[in-house]
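Presented below are the structures under discussion, each in the form of structure tokens.
In what comes next, chain A is part of two complexes: it sits with chain B in the first one and with chain C in the second one.
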Partner chain A sequence: MAANVKISSFQKRIKPSNPNILGTKISAVNSTLNVSFGVTSLDQIIDGGLPLGSLCVVEEDIYGSYAKIITKYFLAEGAVQKNFLLSASLNENPWDLLNNLPSPVTEPRETNVIENREELKIAWRYENLTLEDNNQRLGNAFDLSIPYVMPETQKANLAVWGDTVTPNLQRGTGTLQNPNCLSLLKAIEEAIKKWELDSSNGHNLIRIVVSSFGSPFWQFDEKKSSLSTDFTATLLLLKSIVRSTNAVALVTIPHQLLNQSLVSRSRHLADVVIQLKSLREDRHLHDLMDVHGILELKKVANLTSLKPILGQDGTTTYGFKATKRKFKIEKLHLPPAVDDDKSSPDQSSSLGCSSAASTTNLDF
Partner chain B sequence: MILKDLLKQPLVSILIEDSYSVRGRPLFLSLIHNYSENGYSVRYFKYDSPLSSEKCEMEQVKFTCQTCILKEDQDNSRMSIESSWCSDLANNGDHLVIAIDSLSPLLMNWTVGALASALRNLQKRRVAVVALVHGDVHDKETLQALNYVFHCHLTVRKTEDRNICSGVLRKGSGKLVDSDEYYSITDRWEIKDVEEVTKPSPNVLVESLPKHAVPKSTFKLDLNAKEEEARSQVVLPYIRKQASSATSETAKGQIIYEAEAPDWDDEDPDDDLEI
Partner chain C sequence: MADTVMKALMLDKIQIDGKSVLIVQHSDGSPFLHSLLTHSARQGRRICLVSFNQLVGYYHSVGTRLGWNLNNLLSKNQAAFIGGLHTLKDSFQFHCPSNPFNFLFNSTTCPLQAIFLAIESVIVGWIGQPFSLVIDELDCLLNLGIEPKAMIQFFQKCHSLIQTHSNGSLIVSIGVTPLDKEIIQCSTLLSHWSDLILTERGLQTGKSRDLTGTLTVKWNVSPFSEQDFHFKCFDRGIKMFAPGTAVL
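And then the complex of A and B:
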């Protein structure tokens, strides 16, 4: 009797490792290749990350500071995974963004838990297996206070747009007329050609980040008649570029400065839309004392099936905390309703349960 | 304390917004006067024609700086204005401040986008910009876009005869700083008495949280002084026990059961039946 005859056709299912493309993992929910945001809590909310070939629009908070943190995480994750990066910005020097990325830190693994475990008497078959996280964690952890020193090999994978002053850009003659948009799309196409990302057997992907698209620096208001077509057409062209190549795009828009119809068009166009709102903007949010702002998932499109992805329990509103070192997204909860001397009586809460402003002495 | 810090060093871009009721020009002029006294070379571009009452005030100010007044017949195109801002930058190095008085006439012909890109060009050459804008002349979207473009935004207002400057500063790291400060301007165009506005803390109503949190009822449930004293002197049983036992073994909830003597009754319970 030969020892290596297969008795049954059973094959142990091996955990799917990284497919050919760097930095992606097959999603457990729908079999798309997902790219991590860099913020693990955000990946969990969107059930695995951003699908490859999608366009994500982040509606910035006022002045865009928290959105900038998310773009930094996105680029840092790409740097660690050795992806190509393209940073486009007219607000500031795009190299500033690339030079101040957070550096990755390895979180200490909890190995002491396994040592203290008692001998399993009943479930002894599980004794040798390690404790594993059920959600396959996609990305790394980063520390915002330590700037990332990029290895030289990765520095060759960077590209920027927007740092050189090009006066007298020609306005286009076709549908898309804004010269900044034309120049940006051209730069993206050149980068893709240079790195051969449009071939079908590519092994790497490019992460494109456009900061504050639609801000006054882009000069969309130069010609009022072509304002909406320029804005929408650029996003549409960007989406078609990333769909046909191994690319992901993250675009942040200052939605308070733009016309509401433009914002809703961009929501229709994009695949994933995240809105950030800091505490400054809404007086009612001060009741949620321990978060720095609210993150709302305005849209999470599922590219491969009809079922919508709604995250845990179907909630779409989360809170975020941005400390000096970390940016974390967590579920919202109301603080305990305690009679507070300091709360002014006219600060009425729109969140019904919080009775911090009540003036009765009744204590049940 | 934004204004205080601004007096020491100019920021990349400062926008002062005023309105008809509260003039911001004195603050604007004294700020740039401060910079010129501190060794910065200031270029002052005047596009507004001030009111006659302001004119004589401004004539008293002697700036060691260039002024440029927008004339009707001059070439007012964007390129010429921009080039006048950027001209001769190489000679002045890092300590150059461009003061624009004010942005309102410029914004009538330019879009905010054009202004933004012009400012960006100036920022790239490390020139500080101080600009005045009249808030009540423009619409909300323009003002919002201007706030986005400028790093520091100051608004002047008046309360009780004191001038207040409210500022929002956006630092390079993304942090936002708010401040409200009083200020006053001397005859010699100096800013002084810059101090923070402190709201007097509201008197905390003691009734809102009484000491014993007694619910509203018709019964007298609270204690008077004598009763409180007596109450505080009561020694609680477990405290005595804890103080006496030093070891922690009895800290666990131990049930002490003393078996009682069995209750045997010798009498026959059916005794009183008369059958």
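And then the complex of A and C:
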């Protein structure tokens, strides 16, 4: 009997072990582990959040106020997920950012029925589900007006760089010379070592925020004939650190203060690049009355395949609204081109397409 | 789909041995570098991949979708990986003089010598066998503080390495942005030395779901041709179109 037993070569396919890193979710698009930005609408437009190990550069608006809100959301999401947080800044005390994070709130789910939605004939059970339900959103909702009271136990998960000025920092002897950059990289490395994030078996991640990198406080050598290599080399080294550990980095740069070729190089180095533009920066944007500014996805790199990642609906330009309580990104709608001036009897009497009587250059 | 790319580049008829290919990228990503890597792997060529901006895992995961396995080739010693973000991180942590990126923290007279010696030692071991020396995003050297002059010299040394071993080929990609005059000058110089120049641009009107960008294929040696194509990147390859036929 026993001789007749055949051993099949079939083996049950075992699901690969889930790394179970706090605050991450596997992307349905390209199987990367994604980390939430904290702003749900921003997560949605970049295919579910930032990939773990990526470097995101946010090009600040003119006074950096909206970029600061995004960094607050990013850190607050990490605080709620019990991630390690590192805030670095030379413009302001980095503790200010960590002590003024928005508080998580339970947001009522929007049950608006999307207009022009096609009636489903086969999968009719899914008809009433919102897009959010299908995606199983990753992040939390926050209220900017309520400060987050961080539990005492979680304060050990925080680290800062730049709160105390150390004048005796040494300049490097190689191509990377800026002492502030060297000190920052060392602080990040020490934090990763302290929290043992350099091993692949870690169950937590670190969120690194560097605010206004490249501002005059960083003392980059502008007199050099070539572009400041400290800026780009630091970004590349930061990328190398986050890519090989459980980390994500968000760097905001005051791009209007920097040389444009430096900005284009930083775009080339980063994995995700977002540009914020407030309405006061550009007088052409004043027509967009229902938003406070424009968010442009300059780059979203695909880390696993050649297929380019476009924003939701294939567009890369969005509007954002920042109220007292909430920061929200939405589709950009141009207002209807209604002429505000009441047409004078002289103009109305002129022929439709004739430009002779019109004072403007437009014919139509 | 990779074959349509090789047809467009005419590399299905022309042997790549002894030739140098330059990919000038005006947009993000390096799809044609991956196509040429796939082509080299399928032809059974040995691959020496030099990278400054990515991990080895990135090339492996893109490569598996295109039908070849880099980790497998690395374990069989049919491929070598030099540089990469991991080595860059190590250079900061350990300050080892043999690290190719040690020039970032210690002054040296010849900053790129360590990288070149690493490449040379790999290629010397492959004498007599066809190989491809692939350098991804050479412009990253400028970001690390290398002078353009030193970068051009590095390219020339790699080029002469190919010339001395006639069964080798050199594939270099460089990312160019219109505002950066330094990189544009470098790409013009490198174009002068290359046999095949692929200039890849995004669409002028923005991004589209139907099309990824345009490619200009220019042969500096016989057949001395110049052709324009449109292309679309997919998960598993690139599709080439004659201009105007993409959505037909």
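Things worth noting here:
To be clear about the criterion, the second predicted complex is superposed on the first by the 290 of 364 C-alpha atoms of A that agree within 3 Å, B and C clash if a C-alpha of one lies under 4 Å from a C-alpha of the other, contacts with A are read in each partner's own complex, and residues count from 1 in each chain.
As a convention for this text, a contact is a pair of C-beta atoms (placed from the backbone, for glycine too) under 8 Å apart; a residue touches a chain by one contact, two chains touch by 3 or more.
Just so we're clear, the structure is a prediction, and the values are computed from it rather than from any experiment.
With both structures placed on the common chain, the touch criterion links A:63 to chain B but leaves chain C unconnected. Once the two complexes are laid over each other on the shared chain, residue contacts for A:149 go to neither chain B nor chain C.
Looking at the shared chain after the overlay, A:122 reaches neither chain B nor chain C. Between chain B and chain C, more residues of chain A are touched by C. Overlap of the chain B and chain C interfaces on chain A: none, as no residue is touched by both. Chain C contributes residues 28-29, 31, 34, 52-53, 55, 58, 61-62, 65-66, 85-86, 88-89, 92-93, 102-108, 111, 139-140, 142-147, 175, 177-182, 206-209, 212, 233-238 to its touches with chain A in the complex.
On the side of chain A, the complex with chain B involves touching residues 63-66, 68-69, 90, 93, 165, 215-222, 254, 256-257, 280, 339, 341, 344, 359, 361-363. Those residues of chain B whose C-beta lies close enough to touch chain A in the complex are 111-117, 120-121, 124, 141, 144-145, 148-149, 170, 174-176, 202, 204-205, 208-210, 213-216. Chain A meets chain C in the complex at residues 172-176, 185, 189, 226-227, 229-230, 232-233, 235-237, 239-241, 243-244, 260-261, 264-265, 267-269, 299, 301-308, 310, 314, 316.
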